[in-house]
Amino acid sequence: MAGEIHQHETELEVRDYECDLQGVVNNAVYLHYLEHARHRWLEAVGLDFAALHARGIDLVAVRIEIDYKHPLRSHDRFVVRSSLRREGRLRIVIDQAIDRLPDNRLVARAKVVVACLEQGRPSAPQEVFGVFDRLARAE
Amino acid sequence: MAGEIHQHETELEVRDYECDLQGVVNNAVYLHYLEHARHRWLEAVGLDFAALHARGIDLVAVRIEIDYKHPLRSHDRFVVRSSLRREGRLRIVIDQAIDRLPDNRLVARAKVVVACLEQGRPSAPQEVFGVFDRLARAE
Amino acid sequence: MAGEIHQHETELEVRDYECDLQGVVNNAVYLHYLEHARHRWLEAVGLDFAALHARGIDLVAVRIEIDYKHPLRSHDRFVVRSSLRREGRLRIVIDQAIDRLPDNRLVARAKVVVACLEQGRPSAPQEVFGVFDRLARAE
Amino acid sequence: MAGEIHQHETELEVRDYECDLQGVVNNAVYLHYLEHARHRWLEAVGLDFAALHARGIDLVAVRIEIDYKHPLRSHDRFVVRSSLRREGRLRIVIDQAIDRLPDNRLVARAKVVVACLEQGRPSAPQEVFGVFDRLARAE
């Protein structure tokens, strides 16, 4: 993906309890990593996931595709790189990659489709999608 | 604990993702089992944890003591046995034991001290503690 | 998907700790449900995930696609329906659907691509893929 | 606890998926934080939890007492402070406190009793307990 600009990066490390009996990070945990990276990014641009929920605005993943390329193990450090693009009027796509550190070996690559609900109904509130559009243009 | 009457029992089985790299159920997961058993009990007597929260009433654990006696492993089935007693005006104690099935080997024993918050302040609302008192007397 | 034969079903219920601050089951938890359903199915046909790992044979998800259709909430019961098909020499695909009970509302639909590693290398051991082929033909 | 020397500190932050439907970090998650802090400490002094397990040496918690003083919420940063003391020939006690940052408000305080198993039997291998004794004396 030459030329791809990753707009947000967050560094994390594996916690032993995230490994399962195969000795590698459990599949579901990668979705936690990806979510945490997205929420940190939201926070960095002034969108507070919890505060939005309290006001009836919920960002929800409607589809996730994830390719597992190489497992993370105990003690591994890694970076989650995320970029964002608009998809139609009501959705955004966040492309995310997890790379192990320090060797940058690709661990997983994901595409997360996110929609927004206001009081439970699909919506694209300006306070949220205005930020998304600025992030998408920045790419 | 001869003569002990366990007032509520719930049967569960280990899920593989709950095991960590030691091949046994991770310590923290037992607290999940205990919580799930308590919530099922609440539900069985007409107290809905989520609905109470929505109305500003939160049951919270203020102290947990747990002794790990024998680890659970992949495929193990087990029962969580719970009993309840009042402790002072504002607290209850739930004694819980996890026993492996079918051999009833003791897996863990816990004492969970629970308080109630209304709008964030300690409280003993009758709709909740009235039920607790009936459960405690039933023992 | 008229005519689809779901070869395995497992019933579960939401545990409150699986819900996040939005009050619905967290995205990653659905992957736990799907994994647990797959492992139960393996167990039912004589393949023990933990025992295979102990002998150096690991079944690993290499790709997961999941569409989230309707969120599960506290107390919800649901069924995970799974079916299996071979994909090439080294992979199988498990199609899974989560339906809420008792109304059978579609909660999520997933496609899980699974590969097998022996001592860390891609493999298709007969003891495992022989079972998969019988399951696939049964459909 | 004036005069107490905390021998190890690790800083972490709440991840949103760790919060439950009450909007606060779920009880069981604090045990994850405490375990992760212990394993980081072990790692810092040359003991690798996963590598020890691979060689048949398992450190296991046999008892945990935890007092929940103030809940952590979305975005909170916190520090886990740990100190260690020997208890008899076969056990150590790790006292741990979680303090919110930057105000150092006490979140939880725990006492974790740890034993060591070699090939499943209680043991006090010198390579492990020698390190523990140095850490305990350092206090």
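Read from first to last, the chains carry the letters A, B, C and D; within each, the first residue is number 1.
The definition used in the following text is that a contact is a pair of C-beta atoms (placed from the backbone, for glycine too) under 8 Å apart; a residue touches a chain by one contact, two chains touch by 3 or more.
Predicted model only: the values in this text are computed from it and were never measured.
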Could you tell me which chain lies farthest from chain B when each chain's centre is the average position of its Cα atoms? A
Pair of chains joined by more contacts [C-beta pairs], A-B or A-D: A-D
Could you please state the distance in Å, as a whole number, between where the Cα atoms of chain A are centred and where those of chain B are centred? 34
Starting from the mean Cα coordinates of chain A and chain D, work out the distance between those two points in Å. 29
Among the residues of chain D, which are close enough to touch at least two other chains? 16-17, 19, 21, 23, 26, 28, 32, 35, 50, 74
What does chain D use to touch chain C in their complex? 16-17, 19-21, 23, 26, 28, 74
Chain B-facing residues of chain D, complex: 21-22, 26-29, 31-32, 35, 50, 53, 58, 60-68, 71
Across the complex, what residues on chain A touch chain D? 15-17, 19, 23, 32, 35-36, 39, 43, 48-50, 73-75
